[in-house]
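As structure tokens, the structure follows; a few thoughts come after it.
Which chain is which? They are A, B, C, D and E, in the order written, and residues in each are numbered from 1.
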């Protein structure tokens, strides 16, 4: 069990699943200076949003888009949003005998593409843009995962020919260079966070703000870009 | 409330899936449950436990492992593709297979309870009247265990209708083929189209209540003779 | 008619039977204290005890010979069995119980109508077993066994719980079946007057040695 | 395999949740099932059907509606907070309540099957021997329906262990408080930590197999008298 | 001793009873054809038929008077009931069945040891009902009813399926209970010799009018 230095509850961070692994690294780094307990809860951006408006005890919310943070502000649950990373997307194919990722135009006519669901997943919206732009992809059947991790898994297991996936996953899973193609920054997903109003009453020492401030440090920015995101350094 | 064609399609797929799943599970599980209840070997005890296992795995995780098994690189996926020319993952056959696996324990438990409480003495009478073991099973055991069988089929049906973690993973959400109602409702909630989620849920619940009330009244009518 | 050399191990005890009766008997009576093994013997003869080991021959039919891996399944022995506890099918009406085996062609002597009338179950045909009194259940059980086109009949205390009036009629009928059609029967009962009326000889299972007694019986069958 | 403290915590919370859920459900459902099986009113037929309903809703959707019901703005959420000073959603009490709701049908079905097959005649004997209806229920009905009760408790326990859609939604995945094993495994799969997902699943399955085999052997040992 | 004015509607028929017997009877015998309503009468007297309407008085105890909303629950009537079909508890051993009510202090005449010996069930105590023969079950059922400290006894064909030797001993014992301790009893049977031995008067339910006959019985109780 964590030994709490004081009576205060831990700093509770809610994070969209795609950023969780990166956040774990960030928290580990942050803890070298600040010894207080931090818990991380992850789920899809949509689920977290719903939990927050129903009173979930989170202090900071790392969304996978800007939409949900903005909504929270409109609802008076937070003061301002802040971008923390741009998620980058890549084309990825695990079918090693082909070269679909580099040359999507070689896809067969009965192709299947794995994407996150554009109806609600931020990475899905980006993927939809990619498909609209690359004509070779528009003929394919779309296999929609409920989030970007599922899209990656579909692709990795070769149940789809090609996936529009998060670059962070590609790096994390050490995918060979030949199997993916990192796409233009145009398709990046702007990911924003908010500090929730509730939080300020709970901690005397502005922990949430401290953590958010830490994100702008060089260390933090390096971790973020190493994980496959584009940093937001000013 | 009014529904678009994709929702009506989802209704239809859900219904078809649930019906096929519960039907096939009855065909598989009735003999299996009977055997498990009559065998005393350790193997049968082990199988009995294995059969309950799918229930302890979170559906999405089960779905993930099933997807691994369905991938074209596995024997199962390969053979299926060779046989049907179709991929197992993201097809109706795939979600059917997943549902069978997922609802198996909910078929087995009520069946085993029913068979365990069944009094074998009636079988002696059937045999003395010339009924072979198979005939006696169909004409005596099954009707006397009807309550448990209905209960098992009901649970399977309902459970398959509500299933979604597994299907989300191995179905791929293809409208008209693998997009079932539960996934459509989940999508609506995620899209924050709460009105649609609410309407679909309400329609599903009304359909379920009506079916269940009918079955329960039926069950009740025919039940009393069992207490002889 | 009966030749049994058989044993059966039950939890706590082993029952063994060495019984041989003359061939000319049509109906064999069996008596003995409760728990001495009458029902078990009948079940072995019917083929309902799968754990029994040994030899079973009844009315020239060799039904079981364990040493030679021979065991005719109960359903293939063409028996009618009246159980001590009726054992009706709870899910079927009385009529369906009686017609369980189907009654396309009845054997002579066992005509459906005659059986129904003799056993006085006509007014019960639409009832479920759960709605019958004890004696009514027993009568239905007898009717069911008789209409199943049996070539052999096994009765386990069939008339217990049946009132005097019905008993006389039913026993007369059974005696007539034996007399006219020479149907081989075994009849278990505690009551000497029943046995005297129906059986040609009795086995008393209380007597370990020499259990058989021949009766000189006016109702002895033709066959 | 080795687990960190947060996984051990998740194990413990899962175990506690499953045990409490199945225990409480038995307390609630045994009388309820008994009443439903003995009442012939239309109301009881309706309740019987309502009780099966949670099973047809996709867990996440059910979780969403439960979350709405648990919000501090509702009567339920308000009363709970007034009473305990704690919020219902995102607390252990909250996920317990959700689990109770979610696993209800899996407790009810086997119990109802068992009670339906139970032969009331034994109760007459108990009454003639001076046992009051309540005493007879505990000394005669319950022991004779033991198989169904074990089966119900087993299904509840297993089902609660595997539950995750509802808990993810109303629990908020807070480590040490509402993060159960199934959510942890789901998380591991989502974050593509496959080794961890595999280890946790394996541990869960081994635990489940051992428990189930033990229960099934026990069940078998005691079962035969029921066929009297 | 018995005063019943009662009716019960069953699916398909209504049974009604208007019965009144002299007070000085200790054991009332009941007979009648199977299905005439003997068991139902006993169940009404025991309080097991909740749908029965009317008046029930037995041995000066007013147990039911529907007009006055009076209905003593079966469990509070202090009866011992031997069912036609034994009805042992399948989940309990024979010993546990017999001691179902607990046997802290036995009533005089019903001492545990005496009951066990008379009914010859001592060797069965560790068995489960499923492992008993028909007659053994019946004997255990009688033992269970007798050791339950009954103040009134209701017997529904208790000795059917029991062999002659046991029957004589048990019937002697019951007669003695009646004679020495004046326990009010009702005894249903099809056999006149049983009734003659135990009862002081009998009701024949076949006779709709004037069903009661007084017997002059040497075994008439003291009380």
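Assume contacts are C-beta pairs under 8 Å (C-beta built on N, C-alpha and C of every residue); 3 or more make two chains touch, one makes a residue touch a chain.
Model, not experiment: these values are computed from the prediction.
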* State which chains count as neighbours of chain A and simultaneously of chain E. => D
* Go through the assembly and pull out the chains touching chain C as well as chain D. => B, E
* **Whole-Å gap separating chain B and chain E, where each centre is the average of the chain's CA atoms** => 51
* Asked: Any idea how many Å lie between the Cα centroids of chain C and chain E?
  -> 30
* Rounded Å distance, chain D centre to chain E centre (Cα mean) -> 45
* Taking each chain's centre as its mean C-alpha position, how far apart are chain A and chain C in Å? -> 80
* For chain D, jot down the residues that touch at least 2 other chains. => 60, 64, 121, 189, 226-228
* To do: Two or more other chains in contact with one residue: find those residues in chain A.
  => 47, 50, 153
* Shared-contact residues (touching 2 or more other chains) in chain C -> 85
* Give the pairs of chains that touch; include all such pairs. => A-B, A-D, B-C, B-D, C-E, D-E
* chain A-touching residues of chain D, taken from the complex the two chains share -> 5, 60, 64, 67-68, 70-72, 87, 89-90, 168-169, 172-176, 179, 187, 189-193
* **Residue ranges of chain C touching chain E (in the complex, touch as defined)** => 10-12, 31-35, 38-39, 84-85, 127, 131-136, 138-139, 157, 160-167, 190, 192
* Asked: If you look only at chain A, which of its residues touch chain D in the complex?
  -> 1, 12, 14, 17, 20-21, 39-43, 47, 50-51, 54-58, 147, 149, 152-153, 169, 172-173
* Quick one: in the complex, what on chain E touches chain D? -> 43, 46-48, 73-76, 78-81, 83, 85, 87-92, 100-101, 128-130, 144-145, 148, 154
* Name, in rising order, each residue of chain D that touches chain E in their complex. => 121-122, 124-133, 135-136, 139-140, 143-144, 146, 224-228
